[in-house]
Every structure is written in C-alpha cells, then in structure tokens.
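Presented below are the structures under discussion, each in the form of structure tokens.
Common to both upcoming complexes is subunit A, partnered first by subunit B, then by subunit C.
Right, the complex of A and B next:
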C-alpha cells in the first residue's frame, strides 16, 4: 500500500503507557493522586533529576511527557496548553522554563523527553522499588556509562590507531637495529616486542 | 444372767411405751422427728473447664495434628508463591565502569552513589541561585579552572552559570583523552567539543 503511516502523522508519546493508570493509594482518592503527581511533575521540571518510588515515577513521567509534547506542539500562545501547564506546574516560574528552556531543547529530538531508570535496591530491610526520573539533556553527570566498549567510538578508533602506530614504530626500530649490531641486539629488542607498552586507555 | 435381765427390762420398757402410746402419750408434737436416709437423684453436673483450672490460666496448644503436606509447606514455602529456601540469584552483573556487582536492569550502586552525591551538590547550587524570577535559560555548570564555551560576553549575560568550587571529578570528564580541568592552550586550533 502506498499510503502514509497514519500513526506517524499523529502525535504520540515516545514512552510506553500502561493500558490502565495506577491508583497510587491516597486517602483523598483520585484528587489526592493528581495532587501528588502534580508535585512530582513540578519537582521533575524544577530539579531535572529526582529519585522516587517506581510507580509514582512512571505515572508522573507520562504526565510530564504529555505536558512537554503539548508545549512543543502548540507553543505558548495556545490557551488550553497554557492552562494545562498552569495546572501541572505548581511553581509558576517553571511555566517560563517549560516554554523557554525545555521546548527549544526537545524540539528536534527523536527520543522521549524523560528517562526512567531503576535505582539500586536496598540489600537489607524493606524493599521499595525506587527509580530515578530525569529530563534528558540535564547538566548532571550521566547515570549510566553509555560509551564503553564501542569499537566505533572516535576515541577508541583513535586509540587503536595510536596502538598500531606504536607497534609499527617498534618493529621498524628493531628492523633497523638488525643490520647494525647483529644477533645480540635482536634478542633484547625481540623481548621488547612481546610486551609493548600500551598507551593508557580509560 | 445380765443379758436376760436387760432383755426383760427392754421388754418391759416396750410394753410401757406401747401402753402409753395407746392412750395418746406422749403428745405427737414432742415426738422425735424421724429422718429417712433417702436422697432424691440430683441431676448430673455438666463438665466445666473452670472446675479444673480454677484461678489458673491455660496455654494454647494444638488441637489437631498437622498433616505432612502442611508441615512441609510451612517449612519450605511454595515455589510458585513464597519459596523460603535460599536460591542463587542469576541476575547479578558486573558494572562496566567500576567493576562492582549490581542487579541486572538496575543502576550500579557504587556508581550511582557517586553520581547522586554530585547531582545533589549541583542541584543545591542551582537552587541557591534560583529566585522567584521566571527561569528562561538553561544551566551551565562550570568547575574550577573551566572556561565558558567561546561566545561573546553579551551572549552569557543573564544566563544561569553555576560555578562549582572544586575540580571536575575525573569520572565526570567530558573528554576521554584529556583532562577538562587543564588550562586552555594558546593554540588557535579548533577544539572538538562534546565528542561523547
């Protein structure tokens, strides 16, 4: 079928949304739940990285993603979007941040706006499933090491080339020495070639 | 001799009593009340534990025998639900950065503690600078000895620049081969930025 994929024309979140929401036990019922989530979304936009219970994090993440995607789609001159932002962000200076900082940051991205990673579990005591919820592109150190053991990373390519060069230079050195001094020097230098000093790799 | 005498005396007494009795003496009101030894059958008392215990108290004791199946379930649990035996964990991985062990699908505890501490430090600094003014710019975090990316001075006016009063931790290094805290050289070559 030569038809455009309709699902790609419609805006959709780049995260997995459960078929049913979590109730998040609250004495005040659904309103209490929303209040709780508003606080969480506000905190996320403010601090850019928070640690909290997994269920609450996942639930808040969906609202935050929706909020940011609406902000990107409609901009700040759209009243319903502004109202949504006003509802979800309890600290009003964050509305400016949403439209002036986060929208430019995520306009061109292909990925989700937030990242949710399970935090290490307590080894002893009561197990609570914790998670770290963060906005992408935050100024904090990375939570995970995303750049290990990738051969094609430019640093690793350069390091490999440097190693190769070093080895080659050593071999050349030995080859030059062979003609000059005879066998005795060959023995010494042949030991060197077995254990060439590696350039430090971090 | 004496028994016979007593027998006769007894007889005489009997006759005397009978004679008197015939004429209504002694009067019946003064007669001895005779109580027959007959006891009517009382209803059997019901058994009560209080008769045995009295003021004391009883401890709980099993009433019925536990079957073998129940006993084993209690002891070992059920593999489908709660299995009480020690089971080796197969989801432990070695962290690629630090070499500590961590659960698969979760952050490494050792690395995360470092990152968390640093993050909290930066967050505190950011919060310090945060007023009630609207937030309009992204944060730039600078460690000691670091310079701002090459932009005219006007560009940085009003931007949120957070200065940490310490050197950039090595594990938070942006570049792999060079220390970011080193002094900028005077060469005019264009430095690659944000390689990874």
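Right, the complex of A and C next:
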C-alpha cells in the first residue's frame, strides 16, 4: 500500500533485482553492510574481474550497475552524481575511470554493464556459493567459451598442431618408404589398381 | 575570429603532419594511411544513449500531478494486467467527477454522500496531510479543528460516494507528510468551512508555503526530532540532552547514497514512460473538456435564484 516515490527518477537496470536486499551478516548493521559493498564496488571498478561469495557479489553488482547508469545519465557535471561516485569509490582516481572510461564504453550498449558467473564450490571446508563478477568489455580472456569451433581456442590450437604433426609424420614415412623399396612396390600397386578396371570395361 | 583560429590551427596541424610524415617515412616502413584512420573514426561515431533519451521524455512531469497512476513499487504486489485495468477504471471515474490537481499541504473541500446527513451529503474542509496508496486504492487525509477538537477524515480518491473534490487553496508545504500537525498548536490546522476558493492564474507554478509550525510540549505521537522536518520551528525547545544524543546515534548519513533503496522505492523511467504514454492522451482530453465546460459556465446567462 505504498505510493511510488516520485521525487527521484532512476533508469531501469538490465539485471534481475530481488524484492528485498540481503543483509550480509555484519556486526555493524546496515552501515557495515554498505561499507562492505563499497569495498567490493571499488574493487570491481578497479580490477574489472573479481571472485567472491555469491550473495555479496549479487548485492555489489546491483550497486555497481546503478552507479554506472547514474554516471551515464547525468555525466560528470552533476553534483549529486559526483557525490555518489565519491561515496562509492574509495580510491579517488577511479572516479576519473568511471566517467572517462566506463561511461563511453557503456553509453550505447543495450546489455547490462556487469556479468555474474557462478564459480565452482570449494571441495572441502565451508560450502559457500562462489561467483565471478566482472565488467563487460574487460581486457581479460573470456570465461565462458560458448563457441567450441573457435579456431583460436587453446584446445583447438593444440588439436590442429597435433593433426599437423600426424600428417607430417605420415608424409615422412611415405617418403622414407619410397627411398628404401624403390619402384617395384609402386609398379605392383599400379598394376593391382589397373587389373580390376579391365573387366568392367569389357 | 573563431573560424580563423580553427582554420589556422588545422593548417598548422596539417603542415606538421606532412612534415612529420615526410621525416618518418625515411626511417620507418609503416604505410601512410595508418596515421589517418583513427581520427576519422572518432568523428563518425554516433553516441546514442538510450538512458539519456528516455529521461528526456516530457510526460515524466505528470508523475507529480497524478502519482496514483504509478503502481506500487513492491514487485510482490505487481500485476501488469490488474494495473492496466485499474488505470482504465481510474480514467472512467475521472470522466464522472473532476478530481483536481492537489498536493500535501493544499486545502480541500470534499462532499460525500452520507445517508444520515441532512440533505444526504456531508461536506468537510481541511488541509491534506498525507497522500497514500496506488491505483484505485489511492487515498488522502484531511485535517481540521472543529470545536477545539482535531478531526481527520481519510477519503478514497476514487470512491464512488465522493460527489465533488474542490481545491480551496493550491499550495505545497516544506515536507512530504504533515502528520506533525497532530502535535502542533491547533491554530495551524484550523480552517473555516466557508473558505472561498483562491484561484491561481493559469501557468503559474504551484507555490510552496514556507510556514513553520510550533509544536505543543511533549508527549508527542512520534519522535519528530529524528525525522529532519523542515516545517517545524521550535523542535529544539522540547528536547532533553538524552534526545539529542539518541538522535545523533540514530542518524543514517549513508542512506542517501543507498542507490538500491531508492531504486526499490520508485518506478524506473522506462516503465513510467509506458504508463504515461498509455494515460497521457486521455488525461489531456479530460483537462480540455473541463476547461471548455468552466468557460461556458462563466459566460452563461445567470439564472434567477429567487423563490
């Protein structure tokens, strides 16, 4: 039974948002939660790919998306947006990165700005869901190889090399055989091939 | 001047490029074209940001006038079909009676059907202290002091028993909710029932009344000192040291940076654009017909009301 808050306008996120936030266990309460998320968002903007617990990653992802979308909408001449960026990015040189690198990168995109990929669990110890959180368009190699026919995929490169090796060895073998046994074997084989042709013609 | 400077700089740049290229060609084997390509690409790149384009929609200003057309932001209670049906019902109701633009802090007169009243209608005048609810469940609360007794009446905006809603004074106050009038001196929420409507000229922005009320001494209904109210003048008089300390402890300065909290409270621009595109045309039509009717009334022949 609430009315939507009309004092602020926000642009829609391109990710799924849960109806309620996660508390993220913390002795300092809501303030500690926000502090944790600030650290994570700063790390994400700085390193562009980080691995962490799934819950924290999903929460931090939402804040990072909101921060980038605000930066795209208002630009760097908008005081409240600048304040927000100043609050969320603990290292101040990252504010320049946000407005000069990330905004041009994501201005024209229709996708979300971040990706969240589930990482394998630990085999021993506490079972916590792990995830990899990354900015789209980061300089690292892709984690998800959907195209197995990609020529540059490491497995394919190795397989191609192996095939090439095998072919080369075969050719070498044939070449060696030619040198050792001489023309007699070749004549025999050619005769053998010619023989079955004659009855078909007649 | 600007043109001249631009031209001269480009010439200087061109000459420098030519000079550098001539010199470098002797040293390197790189082709000439490699220098020019990135410059051309930067000029041609069109920067299309959907986010910025969507935020520029002029229909978004309607959200202040008709906040109840936006659904409840809680995703558990969202249902696109129900919301759409409610919107059509609301428009149909608006065709029947004139629901004017008003805000928290405006003074309204509401007439409702009342089977027990003389003449079967009941009229109440008061200041709007709260607007709540979305869709057909939108409601507002009027407050007045009658015979030294505070009276509050909650009306549903789209209640079929409402005969008319009249705005006597259209204005805003400094706060979103005026619930603190319950603990304020009665003079701040006393309005005469025979108030004449004040008419604002067309096109003027809604005035903000900067009045600051005085609270009665404690006990209060709420801890007003923790709510950062703009419209209360004497809140510090009634506080003890203990209250000030607790207010400091309870402050949440990070809340205004909590981007997801804001996000969960509102309807995003893209969704709002769809809603306003659906509703805008009919709302405009309704406004136009109201204007025409009111003009006819003003220039009509006065009827004799004798006998």
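For this structure, a couple of remarks:
Definition applied: the second predicted complex is superposed on the first by the 138 of 202 C-alpha atoms of A that agree within 3 Å, B and C clash if a C-alpha of one lies under 4 Å from a C-alpha of the other, contacts with A are read in each partner's own complex, and residues count from 1 in each chain.
The rule is simple: a residue touches a chain if its C-beta (ideal position, glycine included) is under 8 Å from a C-beta of that chain, and two chains touch if they have at least 3 such contacts.
Here the structure is a predicted model, which is why all the values come from computation and not from measurement.
Contacts of A:132 after superposition on the shared chain: subunit B is touched, whereas subunit C is not.
By the touch criterion defined above, A:51 lies against subunit B but remains apart from subunit C after alignment on the C-alpha atoms of chain A.
In the superposition on chain A, contact of A:77 is made with neither subunit B nor subunit C. Judged by the touch definition given at the top, the superposed model places A:96 against subunit B, while subunit C stays out of reach. In the overlay built on the shared chain, the residue A:152 is in contact with neither subunit B nor subunit C. In the superposition on chain A, A:12 contacts subunit C only, with no contact to subunit B. Across the two superposed structures, the residue set of subunit A contacted by subunit B and also by subunit C is empty.
Here subunit C touches subunit A in the complex through residues 46-52, 54-55, 60, 63-64, 67-68, 70-76, 131-134, 137-138, 176, 252, 254, 257-272, going by the rule given at the top.
On the subunit B side of its complex with subunit A, the touching residues are 96-97, 102-103, 105-109, 111-112, 114-116, 118-119, 122-123, 126, 132-141, 162, 169, 171-172, 176-177, 195-196. Every residue of subunit A that touches subunit C in the complex is listed here, in rising order: 1-13, 17, 19-21, 30-31, 34, 59, 62-63, 66-67, 69-70, 72-73, 83-84, 87-88, 104, 107-108, 110.
Residue ranges on subunit A touching subunit B, taken from their complex, read 47, 49, 51, 93-97, 100-101, 105, 117-121, 132, 139-145, 147-149, 153-155, 158, 202.
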